[in-house]
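Going by the order they are written in, the chains are A, B, C and D; count residues from 1 in each one.
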Amino acid sequence: MKYEFNTERKYDIIAIGRACIDLNAVEYNRPMEDTMTFSKYVGGSPANIAIGGSKLGLKAGFIGKLSDDQHGRFIEQYMRGVGIDTSNMVIDKEGHKTGLAFTEIKSPEECSILMYREDVADLYLKPSEVHEDYIKQSKILLVSGTALSKSPSREAVLKAVNLAKKNDVKVIFELDYRPYTWESAEATSVYYSLVAKQADVVIGTRDEFDVMENRTEGQNENTVNNLFKHSPELIVIKHGVDGSYAYTKSGQMFRGQAYLTKVLKTFGAGDSYASAFLYALISGEEIETALKYGSASAAIVVSKHSSSEAMPTVEEIEQLISRESEKATI
Amino acid sequence: MKYEFNTERKYDIIAIGRACIDLNAVEYNRPMEDTMTFSKYVGGSPANIAIGGSKLGLKAGFIGKLSDDQHGRFIEQYMRGVGIDTSNMVIDKEGHKTGLAFTEIKSPEECSILMYREDVADLYLKPSEVHEDYIKQSKILLVSGTALSKSPSREAVLKAVNLAKKNDVKVIFELDYRPYTWESAEATSVYYSLVAKQADVVIGTRDEFDVMENRTEGQNENTVNNLFKHSPELIVIKHGVDGSYAYTKSGQMFRGQAYLTKVLKTFGAGDSYASAFLYALISGEEIETALKYGSASAAIVVSKHSSSEAMPTVEEIEQLISRESEKATI
Amino acid sequence: MKYEFNTERKYDIIAIGRACIDLNAVEYNRPMEDTMTFSKYVGGSPANIAIGGSKLGLKAGFIGKLSDDQHGRFIEQYMRGVGIDTSNMVIDKEGHKTGLAFTEIKSPEECSILMYREDVADLYLKPSEVHEDYIKQSKILLVSGTALSKSPSREAVLKAVNLAKKNDVKVIFELDYRPYTWESAEATSVYYSLVAKQADVVIGTRDEFDVMENRTEGQNENTVNNLFKHSPELIVIKHGVDGSYAYTKSGQMFRGQAYLTKVLKTFGAGDSYASAFLYALISGEEIETALKYGSASAAIVVSKHSSSEAMPTVEEIEQLISRESEKATI
Amino acid sequence: MKYEFNTERKYDIIAIGRACIDLNAVEYNRPMEDTMTFSKYVGGSPANIAIGGSKLGLKAGFIGKLSDDQHGRFIEQYMRGVGIDTSNMVIDKEGHKTGLAFTEIKSPEECSILMYREDVADLYLKPSEVHEDYIKQSKILLVSGTALSKSPSREAVLKAVNLAKKNDVKVIFELDYRPYTWESAEATSVYYSLVAKQADVVIGTRDEFDVMENRTEGQNENTVNNLFKHSPELIVIKHGVDGSYAYTKSGQMFRGQAYLTKVLKTFGAGDSYASAFLYALISGEEIETALKYGSASAAIVVSKHSSSEAMPTVEEIEQLISRESEKATI
């Protein structure tokens, strides 16, 4: 089964939300206290998805807010360099800084992130900085959940969703839950539900859907039944190594397996999944194929050091899929 | 034309939002600088509507947050005294104060309010303090727009609206726009639109609908056409002395005239209008009749000193309507 | 023993700090919940002292910040009306409100105050709004402790104390401790100690000196020994109905008795005490006489309804002193 | 001329204030946008001075607040590793992060710092976390000005200064002005003046003394005349490449020349100066010699990559001084 997009649009995808800096441990397999050098990369879920999509050949744009300093300028230059339209990335004039994520890789199983998210520039995107003229040029508006965690970014995203729906732009909601800056579990649930109900496609891990429902051990069946009463037409629920499930409003269910490769760290898996999955959908692939693209892209990124730089090409993804298919048929 | 409600419910109406203190000038027709004495009344749009409704015989409840002091206790006692269920009025434990409104009546045409709304208790109602078991016992959930102006009250109201819709409780949205605590005109528009689209009935002045649309000089026709694409079934737009208009999704339009009486001050007109209009609707009256009830109730309250204490009885309303009808037919 | 002031100055006293609104229960001897009417007066310790001093004939000025609304204008008009120079009372342009104190008089022994002190205008006085040219025209700078409770008012007062010392203006520190807006007991102690050490005269209750020392059950002897190592030359410690004690750096101690009169409420006792005590000192009276003035003025104010309006004249004070002296000699 | 310290104390120096992380550009002589790798060092003026002093053989302690994460633990481990007593470094339990300083070295003359100082842990040190029992064990309390920039750290430092003076611990005030988190130039001046007047030794650049005086182009003579009316006995004013001046209360003035070496970057010059200058004073050297120690230490640190790791040994300092003396005598 395929998923249809508006074809006559300048952009395949416009992402909205945070674009930050990852500072990845150069010396890893140790506690961060013993890491003395860090490498700088662009990070942040929607930025990574835009970068991943752009590398795969999608025409991507970005709506976000950047600090007025060296880190903000680096992000803009890097994203422009990989082909993303940055004309709607606004420079913050109130002194807010770029968000930072120091990554700690003790072992492939023990990864953690030390976040600097206090009053960061991306959360100060204002609704007046979101423009209908821009959004209506895209097939897809990609919304990441973290941009809902605080005002005024929250209202900027709610406005963007409104404009997307008004202009027949598909809203893809990547739950991307991060336990920072949210006021309460109840408030998180209120906004996640609000946007999920208005989205066309919702993508997240089972844990993230539980956050949306403010519960534990939720069941996919209940989740999709509730959401399909509203706008969503396609819902992807990821279960880690157990693979992912795609549900359609028409009642179909597809399962995608996880590809097991050498894992360096777990960061970036979700973003690379989303970018390749959406690339395949937009390219007119079947949902089953799109699930494979997502899994393959995630498998490649977790074997490498960064999240953004490591985003694979179509060729790399297809090679991995074909290699895995051969294994499966032996 | 009549409007149908779920009849098997314990409460006719549950209002959510602020319950505050009005301090009304005892010596009026002068600047507040020359007023040396103030009378204390319960105030706040949803509290006034609940009080007005209760006086008209509706079974009313209230969801809100009260300061843990003499003003908070006065409000609870007064509202309980007029027959409102106050079991879901929570006591604030973080030191927030009751909102205050000092009224200045220079002349019937020059009224102003000096507001104390900084960190007031009512805006600290949390989503966890809103309970499905309570809301589902009512025919109506009355939401006033000011409760959307700040977190966590904003999320508490969004949750309440969600629960109302889930349990077939009609959502009445009284726009009640107050230019305090809102972050920006754009943010105001985002939340007003969000709730208006989910409401069953929307009531406000033309100016308030303009705030919702973040524009000036909006036209009723456009406003109702946009909202009728979503949940609303009935929209009431008030034009001051020019009367009010009720629009139904089925395409009907009714006009209610304003009753011109002796005006002492303009405060309380909207709240008394809403309580009597809703009373008539719930009582099974035609929409045309409900419009008359609203106008009559407003006319009575603006001729008196307070907003809450002055809420009329059914008898007073019907006497005024009949008096005005006779005039009209002469 | 007398206390000497610089005689060649335009003002006897310039007070710095808060000028607010008292809303006093018209119906009293009951809980505030049952009070339905409130009378408006100017309030706030340094404002009361300036008003009291002005009524006694002192030439007074005031440095403070007023809300840009009816309450702010009322305060300025009232203070100007009683003869105070208000040229250095700045109008707040950032929307801060006037502080409010609703008084509850359950009985003469059970008085309480419901305070509105959240982000009030007086605490937003900035150091740049304190001018050396003004302060150096006065014999006395009266500082009240509450103005130290928050930035930027805190820094404005520290600057004013600096300028007073530089220009040989006596610094009178009225401890005036109010448990609002202070961050911690330790921080309170830090700033109270800092200013007390730089002051020439320190006045407060025993409890307030304990707050300054961040301890309980402090002894006057220790308190004065510590302070006399620094600038203070005269320290007055009040012990309620047990009277007050004045200590001089030269080692003298004077005791003033409390005059027992009909008490309506306890508010305003400290401010009226300070204004009359300072009036007597400035007028060249002996310290023993000044203690009597303070006690008499306090006794008069606690028998009346307000704190500012009730400030007595010299004649009233002297009549009470002479009446009490006769009683004592009978 | 020598400067005397209390000799019977466990610690030579206890520093109070910030201990942070420097992230120094590995690839330098370019804009930070082009720097892809950063090295991690302990930073922050008082931490650097304590580290520098400890490397020179002083017995040092530190009072500060650390984030409860990998960065906080790294700082504590590093400082303990160089011999500093860290028993009074408190772990923050409210989620505040370690301050960060990303350094950009475009050229030796064009260095800048990208600071992360928003709600950092060091500014949350509370007065209750400053203990008399600890401070009284030291010869010196070193206070750095930045710790005064925000509450509650501000009050913690004011308390520490109080306790130092009470216990005959010399207060050394390193102005260390950083234009972050301060509310206003006036407020900065208020607190800098307050502590400078209470200090025994004040050290800063001419620009920093101008900040203290809230003026531009101040003159050393006026500065020292004003401060010598209060506690200070020794004042060091640094004029960059023009050398530094030491003034004593007794009226002496000493000039120290700057040693011109190969400069990699300008960071760390002030901290290395202070640590070596204080080391010399405590070791009983003449003030002239102490000025040489300061200059030599600064010259060594600016030629190296870090501020803390690069702190020299006594031998390195003495070699440079003797090398420079020989040059001068040729």
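As a convention for this text, a residue touches a chain if its C-beta (ideal position, glycine included) is under 8 Å from a C-beta of that chain, and two chains touch if they have at least 3 such contacts.
Fair warning: this is a prediction, and the values are worked out from it, not measured in the lab.
Path length between chain A and chain C in the touching-chain graph (shortest route): 2.
As a whole-number value, the distance joining the C-alpha centres of chain A and chain B reads 42 Å. Averaged Cα coordinates give chain B a centre that lies 61 Å from the centre of chain D. The distance from the centre of chain B to the centre of chain C, with each centre set as the mean of the Cα atoms, comes to 44 Å. Along chain C, no residue makes contact with two or more other chains.
Listed by chain label, the pairs that touch are A-B, A-D, B-C, C-D. Across the complex, chain A is touched by residues 126-128, 151-152, 155, 158-159, 162, 183-184, 186-187, 189-191, 193-194 of chain B.
Residues of chain D that touch chain A in their complex: 23, 26, 31-33, 35-40, 69-71, 73-74, 77, 97, 100, 102, 104, 114, 116, 118-119.
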